[in-house]
Each structure stands twice: as C-alpha cells, then as structure tokens.
Amino acid sequence: MNSPLKGVIPPMVTPLLQNLQLDVNGLENLISHLLQGGVHGIFILGTNGEGPSLGYEVRRRLIVESCRIIDGQVPVMVGITDSSWSTVIEMAHFAEQAGADYLVLAPPYYFPITQDEMIGYLEKLIPELPLPVVIYDIPGCTKLHLNLKTIQSARKLGIQALKDSSGDLGALYTIMDAFKEDPEFSIIAGAELFMSDVLMNGGHGVVAGGANIFPNLFVQLYEASINKDLETVARLRHKVLQLQNSIYMLDDSPTNSIRAIKSSLSVMGICSDQMVPPLESFPETKKKILAQRLFQLGIKENAGYENQ
Amino acid sequence: MNSPLKGVIPPMVTPLLQNLQLDVNGLENLISHLLQGGVHGIFILGTNGEGPSLGYEVRRRLIVESCRIIDGQVPVMVGITDSSWSTVIEMAHFAEQAGADYLVLAPPYYFPITQDEMIGYLEKLIPELPLPVVIYDIPGCTKLHLNLKTIQSARKLGIQALKDSSGDLGALYTIMDAFKEDPEFSIIAGAELFMSDVLMNGGHGVVAGGANIFPNLFVQLYEASINKDLETVARLRHKVLQLQNSIYMLDDSPTNSIRAIKSSLSVMGICSDQMVPPLESFPETKKKILAQRLFQLGIKENAGYENQ
Amino acid sequence: MNSPLKGVIPPMVTPLLQNLQLDVNGLENLISHLLQGGVHGIFILGTNGEGPSLGYEVRRRLIVESCRIIDGQVPVMVGITDSSWSTVIEMAHFAEQAGADYLVLAPPYYFPITQDEMIGYLEKLIPELPLPVVIYDIPGCTKLHLNLKTIQSARKLGIQALKDSSGDLGALYTIMDAFKEDPEFSIIAGAELFMSDVLMNGGHGVVAGGANIFPNLFVQLYEASINKDLETVARLRHKVLQLQNSIYMLDDSPTNSIRAIKSSLSVMGICSDQMVPPLESFPETKKKILAQRLFQLGIKENAGYENQ
Amino acid sequence: MNSPLKGVIPPMVTPLLQNLQLDVNGLENLISHLLQGGVHGIFILGTNGEGPSLGYEVRRRLIVESCRIIDGQVPVMVGITDSSWSTVIEMAHFAEQAGADYLVLAPPYYFPITQDEMIGYLEKLIPELPLPVVIYDIPGCTKLHLNLKTIQSARKLGIQALKDSSGDLGALYTIMDAFKEDPEFSIIAGAELFMSDVLMNGGHGVVAGGANIFPNLFVQLYEASINKDLETVARLRHKVLQLQNSIYMLDDSPTNSIRAIKSSLSVMGICSDQMVPPLESFPETKKKILAQRLFQLGIKENAGYENQ
C-alpha cells in the first residue's frame, strides 16, 4: 500500500528572466524558501506556475532544474495538462525521466467536453502515463467541473489523488465521503480558505498558492488542522484570510491572486515578477502597496525563517 | 490597398491515420474535394481541424503539406492559437516559411482573462507576427467573447479580419456597423445558419464547417447572397438547415458538428474519421444513420462534382 | 384557420406617476404615439413594460385602460408571466374580461427548472388560460432557454406564437424551419438587430423595444422586409443600429435599453421616465446627452408624425 | 444591543391541499414536529416553502396561521422577496401585523441587475420595512450573487443578518471576516454540508432544508459545532451527508432537494407532498424508494421524538 499524498504542496511560481527563459537563480532561491518553510511537496507547472503559458523548452528546463534542486527532499509533482494529446504523453515521460514523482492532469482545456468524454479521455490516457496521477479539477480554466462519477472512474483507472480547485466545497465533501474507505486516495484542497475545513473533515493536503509567499504559515496551519488544535487553527486561518483580503484583492481580474503572488516574491527579493502573456506583472504603484501590506502581515515569521 | 479576405473558407478537418499521424492521402483527397467545390480559401488548424489537440509535429507537417498541395490556388489560413506564448510565435513563423497567407488567432485559452488583458496580449503579440492576422472569436472554447473595443484595438494593431464564431449575431452586427467604412477589414461569419444574413448585410465571407462536406453548396449560397438572389438564397439556406438538423444533431455533445463532419467525410470516402482525444469518432451505428442521411441530402450535387 | 399574429408590436413602456401609480395621461399619449406610428399590435406588461416589478393593482389598471384606449384598433397582448402559479391564471382571466386578445407567457422565473418541468408546467397551465397564448423565451430574465422540443410541446397544447428574446438566432432559425409548414403559428422576433433577417427568412413579426420611441421606423422596416425591398431594408436597418449604438449603450447595465427607452419617451414629452425599483431612471446629465442624440437621429421623421 | 439571530431555523415547507389551499392540519403537524425537534426559529415563505410560487391569499394565510401556531415559542421569519416592488412592502407590513419577527429579503428576481442597482434598491426599500431584515443570497434563483460591498451597504441600512445560499464558502468566509467585530450581525449558513464549518468558524446559525425532516439531527449538530465537540460533529455531519446522498439525489433536477423534502414529510405522515407548479411531487415509485431510505436513516431518532 502506498502512503497517500499529503501535506502542504505549493503550486510553485515559475521564476523567469525578462526574455521569458528560466531564471535558475530565482528558482534556487524559491525552492530553498519553500523547503525552509517546511513544505511537504512541490507542484510545478500548475496554474500558479503559468504552466500552460510557458514554452515547451522552458517547461522541460523547469522540470529538470526543479528535480535537481529539490533532489528528493520532497515529492515533485509536474503539471502535464495540455490541449494537445501527444504533448501530454511526451511531457509525462519527460517528467518521469527527470525524476519527478507525480503527474498532475486537468481536462484538455480547448474543447468543451462532457463528463463521459472526459472519462473516455482518461481511459485512453492513464495507461500511457508512467507515474502516479493526481487529477485536477479547475473548471474556471478548463470549463469542466469533474463530477463524482468521473472521479470514481479515474480512481478505477489508478489515479492517486484529487486536487480540487473548483471552489465548490459542497461537491468536494460529497466526493470525500465517497472515498472515505479508500486509504490510498488523497484529497488535496486547492482553496486556501477551505484548507482547515477540508483537513479537519478527512482531507489530506493543500495546494495553496499563498504557500509560495508564506510556506511556514500554511505548514503550521496544516499541522494544527490535522491535530485538531482549534485555537491555533483559528489564529492562523485569520492570517490566511488577511493574505487573501490584503494581497490577492489588489485588483479584480480573475487571475489577481496569481499575479499578486509573483509580485510578492519579487518584493521579498526571491525572484523577479516577470510573467508570461496573457498575464501581466503589477505596475510599480501596486507593488509599493503590496510591499507595505506584506510588511504589515509579517513576512519573516510567516515565511518561517530569517532571510530578509 | 489590400483586397479583403472573402468567400467560402472551410475550416478544414485534419485527416489522420490511426496512429494520429497525418494522413497525406486523405489530405490530398480532401483538398482536392474542397478546391473542386470552388472554395475561396482554406483554414487549417482551426477548431474543426482539432488544431489545439494535435501534436506539434503533426501541426507542422499539416502546414507544409497543405501549402504544397494547395500550391497558391487559394489563400491558406493557419490557426496559431495556443495557451503557450512562445509557441504562438514559433508556429506563426513556421507558417510564414511554409508559404501560408494568413494567421488565425484566438485568445490564449487556459486562463480566464479580461478584455483589457486581451488587448495587452495583442499589443505584445501582433508586432511579432510575420503575416496578416485574422482575429478569431470563439468564446465557447476560449471563455472570452471579444467585444467591440478589443476588436477595434486589434484593428489598430493591424489585424485584417474578424472570424466570428460567438453565435452572437447582435454583437456581430454592431461590430460590422463600426467597421463599415473600413474597406480593408473583413468580417467572416463562423455560423452557417447566419451566413446569408451576414453576407447580405455587408459581411465578406464564411468559415463554415459544413463546407468540408458540401463545399459547393456553400459556394453557391455565398454567390447568391452577395448577388442578393433571394430565391436561390432561400433554397440553399434550407439545405444548410437540413445539414444542421439531420447531420450535426446526431448527438447532443457540444462538439457534435465537428464529429459529424469528420464522420461524413469518412462515409464519403474522402478521409478516415480518426479523431484525437478528447474528441471521439461516431460509433458504427451512428455512421450508418449518417450515411443514409447524407444520401438523402444529395451528396453529389451538393459537393459540386462527381466522385462517388 | 386563424390568421397568425404579425407585424410590429411594441413592448409598451408603462407610464407611471412619481407615486408609482399609473399615469393615464402618459398612457394616452403613448398609445396615440404608437398607433399614429402604424403599429400592428401592442404588448403590455412585458419586460420593457416592467411588468414583473409592478404592483397588481397597477397591472390591472393598465390592462383596463390600455384596452379602453386602444379600443380594438390593434390586438392587445398582455404579459401574465409570474412566479406565482395562481396569479398567472387570475391575471389571464382578468385580461380576458378586460378585452385583451393574447396572453404572453414566459417560464415562472424564480426556480431554476428543466425543459421537461417547463413542459409539465404548460400542460397544467395552458388549458386554464382563456385566450390565445404567445410563449416568450427570455432566458436572461427567466434562466431557461426554451428548446425546440418544449416549443413543439407548447404548440400541441395550442400556443399561437413564439416571441424570441433569447438573442440566439441559430436556435431560432432551427425553430422557424421546424414550424414552416404550420401556417397558424407565428414567429415573433424580440431582437431589433435581427428583425429584418427573421422577417425575410419567414418570421411574422417583431416585438421591438425601440418601437416605443420610433414606431414608424420599425413599421417601415417591417414592410420593406416582407416586401424584400433590400435597399430600403439596408437604409432603415442602419437607423436601428444607430438607435442601438447611440441610445441604448449609454451605460452598460444589463437593462440599459429598457431605461434608455423610457428616458427617451420622457425627453420626447410623451410620458415621464419614472421607473419601478430595481430599475432606475437616467440622471439628468445622461438625459441631456440622450436628448441631443435623439435629435440627431431625427425624432420627427422616425416617429412617423409631427407632434414635437 | 440586540442578541443576534442564531441556531437552527428550518426553511419550512408549505403544507398544501390538492386545490393548492393551505393545509392547516398539516401545518400544525409540521410546526409541532419542528418545535419538538428543538429548532430555534422557523423561516416561512422561503425557497423550500415555494414562497414565490404561492398565491398571495395562501401566503397571507400561511403567515397568520404560522404566527398563531408558533405563538412566540421561537422567532418567525417571513420571506417577502418578490419581483413586484409594492408587493414586497405590502407583505412586509402584513407580516408585522401578524406578529412575525424578521423579514427575509432576496433580490427581486426577474431583471438581471448589478450590485450597485441592488444597493440602490435596498436604499429605497429598507426604510419602508417595519421589521428587522435578513438579507438572502441565493444566486441560483435570483441571478445576483451579493458581494461584500453590497452586504456592507445593506448592514449600514440596518439589516440584521445574512442568509447565504450561494454555495460559495470562500466568499462567505471573507464576509464573515469583515463582520467579525460586529456582534449584532448574524451569519446564517444555507448549505447543510458547510453548516459545522460555518458555525465553528464564527457563524451563528443555519437554515437547513433537511431540518424539516430531521430537526433534532440539525439541532444536535448545531450544539456540537458551537461546543466544538469534534467527535459528535463528525458523527452527525456524516448523517447529514447521508441525507444529502440518499434522499436529495433521487433525481438530478436543480430542485431535487426541495421536492425530496416535501415527499419525505408525506412519507412520514406529517403533511401531503402537494407542490405548486412548476415543481412536481415525486411519483409513487420514487416515494417507495424514499420511504426505504428514510427508514434506513432512522426517522425516529433523527426527528428527535416518537410520533411514528
């Protein structure tokens, strides 16, 4: 029996140079920042990592360099979601060769498809994949909100975990109930605000964008949640709410949190905030506000170490 | 002054072998079928061409082979839409080198973005593109319904045409009105059912999936529409409606027409109906119904030539 | 055989006093303005009439007064749509007693329901209704976009017409094709921009909000469309587009056209622009812009008479 | 200072005779069932009560009879939401005269409106209302998901509580954080599955449809949640999940839970399952399955008393 995937797994931002090539120095800083914060895994090439916007050379280089730097300290999860069928399989094999541990797969995101078409897709795809698979529900990007039947079908095909970024906690609780007798299957929350609820009700981990900024805050909240230390949960959960309200809400674009997280890392001196179109970095005026707010939130204690 | 893009431009299906490699024989048959039908251009790697699902090697081979076979007889439009920024630019240059005439660009389709973010994206992208650009509005796939301001901004950046597959004729008529004094800008309808309305009210062309099956039917309807021959329009428009009702509605998946068109070409002996996941060919039982209905609709006279 | 419903049928604005009681003087002015413009029917208590926002006493008084003033000169259609089941039936009988000619019915608009639930609703309701029924598709308000099967079921139950305000011309053309052999069934377009297309392709009439302002413009466009006088259609259709672009787009709320139409009637001295919450009249600054634009569009010739 | 609204408040089903008149016997049974179950308030004329579908005579009679039967034992909340402006105010005054304690108000549900239009509506409406107001967020029915700014504006106008049936727990947590220093304002969860999360994180009560069937189950879960008795929470929360999965999911219409709850009360002999169109009772075959499942779930112990 495999031990299930669990803990705090940041969906890592991709540090980039101005020419959109990989910033290897920034990557080393960022991974060091995350590992010092005590995270239990690192997920690269996800939504926060701008995976689908990157060129394939950069994706491959990021996989190789991340695996080299992380060097087995924690599991590496690689996003392979793509609209292109053969590219999904190629990237999966590339990740396996590079030493990654898990593949993360959302629906192919161009065509609108039905649940049954998604099941058919997984039936063809999963046997081709060389590593354990985490299925990723993010309907805001993919247009398909995976239902219980689809996730059960995927489980029969061998997937190891669900990462839920649907925002639909009602559906997630129903799914968690359906899998509660399946000790090898992990439920990973994608919404920071529900993190403690999901963990206290039987979930296994969290992919929290904010853990790029404050990894240790999320690690502490994870531990308090699984230990059912309600007072600590209440205190730390409030900090996560502040992060949400003061950092993510700086504008109201649908990707505001993704942009705010990368800008925060730049303010903190970890890596630049260079983004790939269509996403854009914050202008200087917003970065100044961001710097003040990060300071108010207490960068040092929340990051979990003293690098400022 | 450039003469604007116009006429019937099928969004060409991509003929594939069972191993998902390009079926060059099928491609020759299909291009020959379209050119004999009198089409005015061919659009490859669009939604009907399953462009975003194809591997990049197949996409490049399709560009090269299509340009070789078409050989300047009609303009070749190449879909370059991608969630990956650098890949859009690479494919654009590849298409230019291969001899293509136009690039077709929809929003990058992973992240939900705003109209202003789309304008920012175009401001950075369009100067990098080596060929005239057709902007492509297909919110059912991209989640962004381009508004008038975005299209006007894109026009200032140099785009040559709008291909509208939004299904929102009210918005399209407003856009057409805004561009009616701009003789170099083309309005290309993507909805077969509105084709004659758009053409009779000042539009320039149509990208009709059904023109893969019956190219000459659409060419005749195009000519009747621009000549305002209302009786012929009424007669041919009814055939387009029959195509819709008897062929596309064979199931109710959101991609039913795409799958029906590829299956029809297989029934007609032009190319196989091999599709790329997540889309799936029709099962044999449906293909039999399809064959009967195509026969009832009159394959030969609508295709415009005698190859059966 | 009944002659089908046809022509230009304004969805009449409800003239109100500041205390939200019926403005009978304004009503007389407005009906006179519409009849002088040559309209073929008048639809009261629809969406433009703010029907669902009005108190029931006002609704009843409006029905009585409208029937009295119109006095059989044109058919009177009364909107009876309500979330309250028994109220629909009561208002239907009230309208019949008052001398109305048709009832207009959209789905009950509180609960989200399925097509089959709508069919079940109609099966129970339509036998209770004492006048011919026009079914009204307006998913932006009701959340249900009536499909072909539902409309066919409603037709079997005896409905006389479809008024389509879905904005989905593709679906409407499919419906029109399905009913083209049914000479007693009318297709009434609700979208001004598609009016000539629908009429030229077999539709029977139009419920155009703008006909409150410029009834004769729409009557002329109706006649040109059914006579297939393409030059006149093109000229008048352009005026409708201008009305849309210069008058309706004064703000971007979802009900901008409804508010603009009532304000326009106020600017023209026909009735006040008092609205019922949640809708609000335009502020004075906007009304000044509106007045200028109405003047530019040519109030007098478009209204079809000389009352200014 | 008022003590805030709190506890388990069933959104009471409306017992009806076959002729759609109020079933006063059924109403007495149902209220007795709820009060014996220990509920802290009763909400009539909400979504589960089919409020917007009822005739106004029945609504008035229900208000009067409910206030008479409840007789001050717990607070009575009355849904006054209506698309008709003056009717909202009339029903509010009627409820006050009848002895109700709170008014529950959702957006007027016909026109699509903006947040700012909703704020304008509340600014006009709330000063007219004679009782404390609970604002009700149920975008699945009203099309408007109230945002933080709107709720803060409503609070300044004097509302006492938010009842959230949006299903969007992320937004609710942000709202709860914004109001955590406001001891007189109540947060009432509308989603049964989030009930314990909301209560443990600072919420005050729950409007749970399932409390019609098993009032005491929800009362026990409420108490365990506010006492942070995690073991009991886990055990009872599982029963709520079973209720959801075995009773509500009997079909997949959007109103399946509303119909299942009324049918359950019929199976339990409390009142008939007569519904108002457009909603329909379950057919006999489904009621048999329902009866078995209710028995398996343990009607008696969950209802909290012995009346079967």
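Order of writing sets the labels: A, B, C and D. Residues in every chain begin at 1.
As a convention for this text, contacts are C-beta pairs under 8 Å (C-beta built on N, C-alpha and C of every residue); 3 or more make two chains touch, one makes a residue touch a chain.
Protein names from UniProt, one per chain: A, B, C, D = Dihydrodipicolinate synthase family protein.
This structure is a prediction, so every number in the text was calculated from the model and none was measured.
Minimum number of contact steps separating chain B from chain D: 2.
Shared numbers divided by all numbers used gives the overlap of an interface; between chain A and chain B this overlap exceeds half, so the copies present the same residues. Per-chain Cα centroids separate chain C from chain D by 36 Å.
One inter-chain figure worth recording: chain A and chain C are separated by 50 Å, centre to centre, where each centre is the mean of the chain's CA atoms.
Shown for chain A are the residues in touch with two or more other chains, of which there are none. Taken in their complex, chain C has these residues touching chain D: 20, 47, 52-58, 83-87, 90, 107-114, 117-118, 120-121, 124-125, 140-141, 143, 253-255, 276-280.
In the complex of the two chains, the chain D residues touching chain A come out as 167-170, 173-174, 177, 191, 193-194, 197, 200-201, 228, 230, 234, 237-238, 241, 244-245.
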